[in-house]
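Both of the next two complexes hold subunit A, though its partner changes from subunit B to subunit C.
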Partner chain A sequence: MDAIWVAALNGLVVGASLALVAAGLALLFGVLDILNFAQGDFFMLGAYAVWLILGLGLNFWIGLAVGVVAVGVVGGLTLMLLLWPLRHRSHALMLLATLAISLILEQLATNVFGADSKPVAAPVSGRIPIGHTAYPVYYLLVVAAAAVILLGGYLFLRYAKYGIWLRAVAQNHRMAGLLGVPVVRVYALAFVAGSGLAAVAGSLLAPLTSVYPTLGLDINLDAFVVVIAGGLGNFRGAAVIALALGIVESLGSTWIQGEAVRILVFGLVIVLLIVRAQRGRGAVRV
Partner chain B sequence: MGAGVAAERPARGRSDRERRSRNRRLLGGAAALAGLAALVVVPAAYGQFLPQRLSDYLIFSLPALAVGLIAGHARLINVGVGATFGFSAYTVAILTQHGVLNPFVLMAASIGAGIVVSGLFAVYAVVATGLEYLLLTLLTTSAFFSLPLLFKGFAGGENGLRVNGAVDVSFGLDPLTGNGFYWLLCGVTAFWCALSWYLLTSRMGRVMVAIGRNPERASAMGYSVRGYRVGVTLYSGAIAASAGWLYALAHAFVFEDLLGLPDSVNFVLYSLIGGVDYILGPLMGAAGLRYLGEYLGQHTAQSQFYVGIALLVVVYLLPAGVIGGVRRLWELMRRSRHEKADQVLRAGRRDRRLPAGRRVRFGRRR
Partner chain C sequence: MLELVDLHAFYGRSHIVQGVSMRVAAGDGVGLVGHNGVGKTTTLRSIMADGPRTEGTITFKGADLTGVPTGARVRRGLGMVPDEEAVFPRMSVEENIRIGALLRGAKMADQALDLAYELFPVLAERRAQPAGTLSGGQQKMLALARGLALRPDLVLVDEPSEGLMPINVELISEALRRAVKAGTGVLVVDSSFDLLRTVCDRVCVMQRGLLTGEYPMAGFAGPDQLVATYLGER
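Showing the complex of A and B:
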């Protein structure tokens, strides 16, 4: 019984971090129709930022804050500069451009930090007993932090001025522009917020996974699955599906082979996407 | 009389156009034959290394051609061709493990298995378009990647699977010695290219081009957009499957990465970089990008960085691919040459004060 609780909690931890990456991806997709292959690399850069700051002898949480701001702003503006000229071109060119950014970032990370895996110490080292198992407190902290950030994002999109503008631009950017919404600024915000959310996830998960240049690749595909299953551009849907996916994969793996669970998940998402494709696609929803 | 002359003019114009078009086709055919002859003869004259290297380029250019046909003529981006390619390769390995060594049976089974997988993509082509289609193919290839791990006993799991039967399974042609296997590859590639060219220049191919440009209009004209999309998906599936069959014969070993996303994405890159609107585009893209990767891999540790930069160059400067870019450059040069000639003529007319009625028309003829 303990094993099931631990597996469920592990799934919740993975799901929470996946939700952060996928929420950023969903935001970018909803506003700009961009499927960002470089999202995983911003996740990786967030993790490296924490490792760097810890190396300087500073606090983990300072590292997280610095990482999020730096990766969010620099990464977001890089995406904006590179993808803005392509906004009226085909999806294929956008995908190629984000893939190119991903390749370049991975190579730069390997050059600067090396290809080896770097361990990151968790800021909280305590454990709480779950049955006969001592479960790390930091894991629960990750879930709580992700929940707070996602709730904040949800409230921002629903009630804040820029959140409402984001949704308006996603629905009809021409009409939003005519009504006085600063469309370019809103696009920039979407890029920065999308990259920043990935960086938060990377920073929070660094003590769990350690840090290496291809860290983002592992989470990218899962994030795509979440965004597709949650409804392309659906912020809340992405968060809910990410949590569900994490728990199902973790719990499922305790009973059947992990690969069988993955194939099952992919199959379900394919069916869901086919059904959605028949009904048409919407813009950013909260 | 006047009416008769007026009626004759368009007919003469049409026959001129037809003659020019026929000449262009003949020239293209001659160039293709010369290219094929060079591909067959020249590398073989340089020993064993070059044909073996080109063999890999030819094998990987076929799935790229498959992606190019779907993307260029059905406007669907398929990032799941790796699943078709890998499944066919695995079929060869699994059958030889179970004692099936007849090369014809292996070829038929492998291509058949690939067509079955591409049937799945054909279903997607019916129910989805655009980004949804791309995502469905992405998920499918990701699911196929897990299959060898799920059926470890059958498909070898992470250790991969050997192709038994030595040269018997490849019609007695050894991929490592002699040029026979390389010539087989040249033949298969030439066959698919010629068939694709024939189909695309036929009425059916022109409908495909029309559907690719404007599916709504083609549908309004009475063409079955879904039917044509299913057709091109299955046809390109057969091309990718034949590449999987050849890969298994050439390397005598298959592994799970053949089915996965990275290979599939590479095929898309090859075709987009070469140019999806041309049959030779994906072939050139595959050869060029693979050569670039190998060259950079040998000379620098930064190969990924340079490939990324090359991708950005293509995205911003050559959105229609390398062949599309060259063709556009050629047209720009031709137009500028005609404009210069026009200017010279106009200047000459001004000097000689030619009457307005005797203007000489030059260039920009349709």
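Showing the complex of A and C:
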């Protein structure tokens, strides 16, 4: 019984981090209509930020803050600068551009930090008993932090001025502009928030995964699955599906082979895609 | 308040508006009429910097608008209610009205809601409903209510009566008439004689990208006479 609880909690930890990455991806898709292949790399850069700051002898949480600001603001705005001139061109071109950014960031990380895996110590080392198992407190902290950030994001989109404008621009940017909404600023916000969410997840998960240049690859694939299954552009849907995916994969792996679980999950996504193809695309929803 | 001098507008190589000059003052109700495709909507969009490339001069409240982006034009007191896709379908009626008003603070947003609901009480009844689930007529009312609730100095309205039942045309005409009476300049593109008669003091006729005449609305006895004018039969 303990194994099931632990597997469920592990799933929740992975799902919570995945939810952050996927929510950022959904946000960006909602306003710009593109899937950002570099999202996983922002996750990776967030993890490296923590590793670097810890290497300087500073606090983990400072590393997290630096990672979010640096990756969110610098990374997000750089991504925007690169994609902005392409916004009226074909979507395939924008997708290729994000893929190029992803490859460049991975190669840069390899050249600068090396290809080896860097361990990161968790800032909280305590354990709490779950049945007969001592479960790391930090894992639960990751879930709590992700929940707070996602709830904050939901409330922001629902009630804050810029949240309302973000949804408006996502649904009809021309009309939003005609009402005086600062459309370019709203786009910039989507880029910064989308990249920042990935960086938070990367920083939080660094002690669980260690840090290496291709760290973002797996989570990127999972985030794509989540965003597609949750409804492209659907912030809340992405968060819910991410949690569900994490738990199902983790629990499923206790009974059947992990690879078989993934095949089942991908099969379900194909079914969802067929259903959603008949409904059309969504803008940012909360 | 608004003055167009030799306005030209282009979509790519297509020269749509070919030298329009006109004025709309505060409290003026002006109709822009003509066949489909003569450049009426493009004229409105040019005034808002909403798409077409333009040449010529657009002056608003004494300031040249050349190079001024759409958002800044809105902040200077211009507003536009487009014909199509004017509402945010997955946002509630209330959110639709608040979007633009939020630019001027929460208090203005509340005032905008009050004014919009006063103009069209049906919107108050449906305030929590997603705008995309409203009927076509209600969506037109929502777009117009939002446009007027922002209290622009001059509002451009594109085909507000298109596809509406006569009762809704009356409601929309009355809302525009009130705006004109309150001192708002209104430049409206529409073909409904009843709406034009209620809202406008004069109409400008457009043919093939050019203004071919300006007539007092009171001079038209009925819709046939108006149509004959813009068909060039009068």
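One rule holds for everything that comes next: the second predicted complex is superposed on the first by the 286 of 286 C-alpha atoms of A that agree within 3 Å, B and C clash if a C-alpha of one lies under 4 Å from a C-alpha of the other, contacts with A are read in each partner's own complex, and residues count from 1 in each chain.
The rule we apply is simple: contacts are C-beta pairs under 8 Å (C-beta built on N, C-alpha and C of every residue); 3 or more make two chains touch, one makes a residue touch a chain.
All of these numbers come straight from a predicted model, not from anything done at the bench.
Applying the stated contact rule after C-alpha superposition, one finds that A:Arg167 touches subunit C and leaves subunit B untouched. With both structures placed on the common chain, the touch criterion links A:Ala260 to subunit B but leaves subunit C unconnected. When the two complexes are overlaid on their common chain A, residue A:Leu93 makes contact with subunit B while staying clear of subunit C.
By the touch criterion stated above, A:Pro123 is placed in contact with neither subunit B nor subunit C. For subunit A, the partner touching the most residues, choosing from subunit B and subunit C, is B.
Within the superposed three-chain model, A:Leu179 lies in touch with subunit C and out of touch with subunit B [touch as defined at top].
In the three-chain superposition model, subunit A touches subunit B and subunit C at no common residue. Taken together, the subunit C residues at the contact with subunit A in this complex read 48, 50, 70-71, 74-75, 79-80, 82, 85-91, 95, 98-100, 102-103, 146, 150. In the complex of the two chains, the subunit A residues touching subunit B come out as 33, 35, 82, 85-86, 89, 91-93, 95-97, 99-104, 106-108, 110-111, 221, 224-225, 228, 232, 257, 259-260, 262-263, 266-267, 269-270, 273-274, 276-278, 281. Contacts from subunit B toward subunit A in the complex involve residues 71, 77, 124, 127-132, 134-136, 138-140, 142-143, 146-147, 149-150, 261, 265, 268-269, 272, 302, 304-305, 307-309, 311-312, 314-316, 319. Those residues of subunit A lying in contact with subunit C across their complex are 161, 164-165, 167-168, 171-172, 174-183, 282-283, 285.
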